Amino acid sequence: MGGLKERFFGKKTKKVGSPPGSFVYTGEKRAEEVRITVFDYDRNNFVEEKYSTAENCGRFKDTKTLTWINIDGLHDLEIIKTIGLQYDIHPLILEDILDVDQRPKMEDFDKRIYVVMKMLSYDENTERINSEQVSIILGKNFVLSFQEKPGDVFDGIRDRIRTSRGRVREMGPDYLAYILIDTMIDNYFIIIEKMGNRLEILEEDILNNPSSSNASASIHVLKRELIFLRKSVWPLRELISGLERSESDLITKPVQPFLRDVYEHTIHIIDSVESFRDMISGMLDIYLSSLSNRMNEVMKVLTVIATIFIPLTFLVGVYGMNFTHMPELGWRWSYPVVWGVMAGLGIIMFILFKRKRWI
Amino acid sequence: MGGLKERFFGKKTKKVGSPPGSFVYTGEKRAEEVRITVFDYDRNNFVEEKYSTAENCGRFKDTKTLTWINIDGLHDLEIIKTIGLQYDIHPLILEDILDVDQRPKMEDFDKRIYVVMKMLSYDENTERINSEQVSIILGKNFVLSFQEKPGDVFDGIRDRIRTSRGRVREMGPDYLAYILIDTMIDNYFIIIEKMGNRLEILEEDILNNPSSSNASASIHVLKRELIFLRKSVWPLRELISGLERSESDLITKPVQPFLRDVYEHTIHIIDSVESFRDMISGMLDIYLSSLSNRMNEVMKVLTVIATIFIPLTFLVGVYGMNFTHMPELGWRWSYPVVWGVMAGLGIIMFILFKRKRWI
Amino acid sequence: MGGLKERFFGKKTKKVGSPPGSFVYTGEKRAEEVRITVFDYDRNNFVEEKYSTAENCGRFKDTKTLTWINIDGLHDLEIIKTIGLQYDIHPLILEDILDVDQRPKMEDFDKRIYVVMKMLSYDENTERINSEQVSIILGKNFVLSFQEKPGDVFDGIRDRIRTSRGRVREMGPDYLAYILIDTMIDNYFIIIEKMGNRLEILEEDILNNPSSSNASASIHVLKRELIFLRKSVWPLRELISGLERSESDLITKPVQPFLRDVYEHTIHIIDSVESFRDMISGMLDIYLSSLSNRMNEVMKVLTVIATIFIPLTFLVGVYGMNFTHMPELGWRWSYPVVWGVMAGLGIIMFILFKRKRWI
Amino acid sequence: MGGLKERFFGKKTKKVGSPPGSFVYTGEKRAEEVRITVFDYDRNNFVEEKYSTAENCGRFKDTKTLTWINIDGLHDLEIIKTIGLQYDIHPLILEDILDVDQRPKMEDFDKRIYVVMKMLSYDENTERINSEQVSIILGKNFVLSFQEKPGDVFDGIRDRIRTSRGRVREMGPDYLAYILIDTMIDNYFIIIEKMGNRLEILEEDILNNPSSSNASASIHVLKRELIFLRKSVWPLRELISGLERSESDLITKPVQPFLRDVYEHTIHIIDSVESFRDMISGMLDIYLSSLSNRMNEVMKVLTVIATIFIPLTFLVGVYGMNFTHMPELGWRWSYPVVWGVMAGLGIIMFILFKRKRWI
Amino acid sequence: MGGLKERFFGKKTKKVGSPPGSFVYTGEKRAEEVRITVFDYDRNNFVEEKYSTAENCGRFKDTKTLTWINIDGLHDLEIIKTIGLQYDIHPLILEDILDVDQRPKMEDFDKRIYVVMKMLSYDENTERINSEQVSIILGKNFVLSFQEKPGDVFDGIRDRIRTSRGRVREMGPDYLAYILIDTMIDNYFIIIEKMGNRLEILEEDILNNPSSSNASASIHVLKRELIFLRKSVWPLRELISGLERSESDLITKPVQPFLRDVYEHTIHIIDSVESFRDMISGMLDIYLSSLSNRMNEVMKVLTVIATIFIPLTFLVGVYGMNFTHMPELGWRWSYPVVWGVMAGLGIIMFILFKRKRWI
């Protein structure tokens, strides 16, 4: 359960007390080198370079070509600071990039649009959603993207740029930023589908075998993951519509339909998460009522057995008494008569229970 | 339960990773041929043609008459692409038409209004709502409609056009689009009524025979279908009011009262769905309280029986002991006295329970 | 329970498939003749006429006097159509008048204001709210009102007009429409009060005698009626404020304070309905907790009895064994000692239960 | 419980059917004389008079000094009408003053601002909130206030005017109206605190002694009073902000900060009421879970006792059988061996239960 | 529990009845002297002084340098009044500063911006959140801050000013006010994290050991603290966005991005509090279902034991009867046969229970 706290409650305390604008990396310390990938291209030309320091990144700033710099790893503060200086990034943005517990948001600082969101992945073993913060900065002719750890989610985009597939080589930096965002949001559908699978399995489980005692734990875990997912997903709505309605020159008209499209996807995801919540609360209800039902059944069995045999046991107890003067004891047919009476009582009880539908 | 996942969680994953604007059909593969029906008419003339390829569809584009092209089946990408080219449809719209897990929405792309919504049908056997995606594109003098599978819901409209019944032949493409939408929304009332019937049966069932153990499953299934219905219905509000308030020339003034009318129907449907939700949650409450009541009854029976007979059994046990020195055993009237005492105890207990209203 | 479906889910299906603007009466078929009452008056003159056909209704249209035509009964389509033609009513309005499952709304069609709302009455026997649809059309110098069945709720207004009591003869058609609406909304207060009475009785019942087993059914029925009431009441807010803020010339300035007043009444009714919902959900809670409490009591009795007597019964069983070598059996004081031990055990148990406050 | 209906559901029915603007007093009939108190003052002069009829009230209307007329008692319609005429009050306002079941509201009728709200008091004996309607009319140089019954809540204000303490003698009628409202809202804090006290006592009670069986009734009563309080409090928000944002000349600029202040108080009260609701629903949860816990404990005791002794009783029953051929009966050490076996069984069971933490 | 009332319900009653604008300190009486700390600085100069009376504070008002006066302790009304006069503070603001039960808010009084909020601290022993009210007044070249008791939360800021670290010496009073607010809001993250820790411990506790009987009390306490936290946190949203969107000259353009940043933090905190609420309600659900499960288990054990042994006990009772004519008693193999029958019955029962998965 160690990750619960970190995922939900953040680690802001590392920073409390430090002045605003101070650079503190709040994520996990990492050993690997930071990996910087530079794509510099226009419709006709394409250059790809890899660095592990930031020195050479600045020279792409004033080229006319579109530059995409992707930084994998935030733990080397020097690199972040250097790139921040090279590309005139406001210190508050740099601070937010390093603080990996940001709420997804979009900010329009003079001549830069800053987008921060979560990239989610689903860990099948722990049944948990893991999240990584991705920051994107959109400038006049460049896009910077920052990830906590190396990942391959943007590889498809890289391929498309290299091979000049799709529209990406023909359009501006806003389109590039859009496809980065779109790729991450497409990724959310995978999470939604995985959660959906688990929900379906759980539903079948509860409907068919309601007494399995770990259903409530499963429901709880699923619910908690949904709360987490929801926290990442809800702010996206505002984020994307903020981009779409932005008055900045950085978002050009041809990209707006695409943003509207990704906005619809976001609403779709939010709708699904809310439906899941509804469904999971329905499952809890059905689980609780199945527990009650179960209890009722158990109680009925006990009651039927006890109600039939306790009076009979009393009766045989009576004739087990040792009084000297118990005339019945000596009678010839007492024993079979008692048996008869007892059988009669039992049958009557049985019929009564049958009528009450307890058996 | 196989359909649960598909209906709720979609199949977006088929598409994840593909660049925006790429054409991927996310629905079921189908064997039948795609059926294209073309209606080309004005007040006086009427032509009806059927094709299975898209080649000949383009020639209606520049006629002055109103053209309605209905495509049954989305699995042949070539046809969709061809028609898209013929009628200048934006690639993002084509992508949405093919992605059958769209949230109902309305979009106003330059000179085209795109509407996507769900056509629902209720399967009496599985007690499920099935849904099919219908896309409608409204242009200057044409309406395109796309369905996943052949259906007869628009047949009434076709008849009215053929026989020139109603207003349809006298009005423009916006009116035609309106009656397509109106027909589908009218269809929702059938679903509402069927759900209502089941709700009523369920209510009667729970009130009269609360212990039937599958009530909670029925409640759950009904609730799940309501969540699904709700997901299809809520976005309609925004969709229709978007159409009504659209500033596009494609929606003419005479059609606006009709759109306002269909808007009221949508609100009516949403109201009904919400009332159903309220009622179903009330049913769960009544079911749970009936379970508790039931349990109480069972427990009372057990307690009454046990409380009366356990002390009596103890008493007869006492006189079943084999001590040599038990003076009562030899007394003449011990046995009837013990019977008397026991009968007395039993009667007192009975009266006590009567007073507590346990019997 | 037969009415549940009709009240909640409507009967729209009768209409599904028919083209928009077609006239289908969705209410109950009725045998009586339609009753048309015409009031034509100004400050000084007053004419009252009764018809059973619509022929003569048209001639009041162009008089300068104010005309109020009340139609009791919608089942004769000819009459509705004729009046529609005489007074230039848009076909969509006529369609809505005939469809008695309309959501309360207000519409401002060119030179006509159309208001549709529900007149509620409370049936003491079935403990149900019945509803009848009333449509009001306000024109330049006339008011048309349509009711499903003859009723006397407007009789007070008729008297006031006849006897020239109150302001009604001095003011315009908008004031007349206002008092029709006001009368119906005043009627809602009666429903509110009747529901309140039942709520109060139910509350007292549950607090004093929580185990009465039909409380949950009563709660359910009351809740369902509240859902129904709510559905009729909520749209009124929008309806009245729509009238108040209408830019139509038909609503004159002197009538606006009256509309504001009726708006406040509407809010008051909505507030009451919401309070009722809160209170009824509180009652369910108290009822469920009283069930649990009850169960606890029953279980305590069982447990006390069983816990005291089961060990004692074991003890007497021991000395009922028939072993040859059981030295205690022969001792002189065994029997009284055993009684003593048993009495002691019983008393100790009793004290323990007393301390645990189980007795 | 007699007051429940009146407090919650009003007595509007007295009025239903009467034409709008008709004067019907809907409160309790009262025997005492109506008491009219007139304060007429400016910075330097001060006159105080008491009347029991309205005749002499009119002459203050045209003085330049500020006049405050307070009427205690609404049951004498003549007085209300006379004052209404003297001060040009719109009939709808007079009607609202007499209808003591008004929702708190503020209305801006030509040259008069009308405020109606509830003065609450808490009755320690019945544990109920009582409410009295207070109407305030603000005119150019006068303030009229109407109370249902004589009360002393405004006495502090009277003293301040008499002794020229505070700002009141230096400011206009809007400030006077403001301090009347402020005094009533300050009064709400007393209610809030009293409810808070009861909530605290109840919480302690439930946490320490969860099985006390009247907790659910206490929770219910508290909840009902909260619903009532809420109904009086929520509309205040709109009322005060309506005053603050009013464009009427009657509210002068220097009074606006004071209104903003009282607005903050209102929000504060609403926040508290909502927190109370949250806390009380939390208490219900804890109470219900404590009931379940309690039941678990009871059941465990029963189960432990029954599970230990029922098998032992069976065993001794076996050796109580009277078969001729039961070899064990004659053995020398049978009896102690049986005791040993039983003790062993008992100890094993005890250990098992200990492990399951049932004991 | 003594603090519950004070934290939640305030102590407004001390003030009720006093005229608006009267100075009443509603907090705890304190013995210590009030401590006034004055920082007067610009980019180059820095003066720090400490007073215990207010006399000398006024002379900083007209200097060009920025002055920050921090007052620790509100119990000396003279000091507050004197400073109020020196810096032209509106009496209503002074009143609010002294009333320590203010709802967090921001007010823009002519040429002064007044901010009041709560500084929270978490007491590990009592597991409670304590709160202290902090008021900040921002003027043209000064900032006044008022705390209830001496605290060290602003010490970091003091150090930064003294040592000229960070931006604070270079920017205006609005930036100083911002870092005061930012520091307090950063402090909230500590509370969030501590609550998160407790939530996590509680979750683990409930999932692993659901029957621990004090879980419901822990849930309740945590929930109550969350309600308290929420009450302090929600109004911050409006407060900060009020500052950001303020049209006052006192908030300069360079400070706005910082305010937007702190706004995002506030939203983040609110999101976390809401997630906590969701999670805690999930925990209650899981706890309640675990109670039911537990009960089910207990009942199953009882039922299994009782159902197996009660019939057997009856059987041995039968052969314990003392009838003279019981032929079985004399048969040679009766005893072993009875044992066999009983063993058989026991085994059959056992298998049945196994099948029902009760064992």
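So that you can tell them apart, the chains are marked A, B, C, D and E in the order they are listed, and the count of residues begins at 1 in each.
Rule of thumb we're sticking to: a residue touches a chain if its C-beta (ideal position, glycine included) is under 8 Å from a C-beta of that chain, and two chains touch if they have at least 3 such contacts.
As the structure is a prediction and not an experimental result, all values here were calculated from the model.
Minimum number of contact steps separating chain A from chain D: 2. If you lay the C-alpha trace of chain B over that of chain E, the rotation comes to 145 degrees, to the nearest 5. Centre-to-centre, using mean CA coordinates, chain A is 26 Å away from chain B. Mean C-alpha positions place chain B and chain D at a centre distance of 42 Å. In chain A, the positions touching at least two other chains are 288, 292, 295, 299, 302, 306, 310, 313, 317, 320-322, 326. Contact residues of chain C toward chain D in the complex are 156, 160, 165-168, 178-179, 182-183, 186-187, 189-190, 192-193, 195-197, 200, 203-204, 207, 257-258, 260-261, 264, 267-268, 271-272, 275, 278-279, 282-283, 285-286, 288-290, 292-293, 295-296, 299-300, 302-303, 306-307, 310-311, 313-314, 317-318, 320-326, 357-358. Those residues of chain C whose C-beta lies close enough to touch chain B in the complex are 1, 4-5, 8-13, 15-17, 19-22, 90, 92, 96, 101-103, 105, 107, 109, 211, 213, 216-217, 219-220, 223-224, 227-228, 231, 284, 287-288, 291-292, 294-295, 298-299, 301-302, 305-306, 309-310, 312-313, 316-317, 319-322, 326, 328-335, 338.
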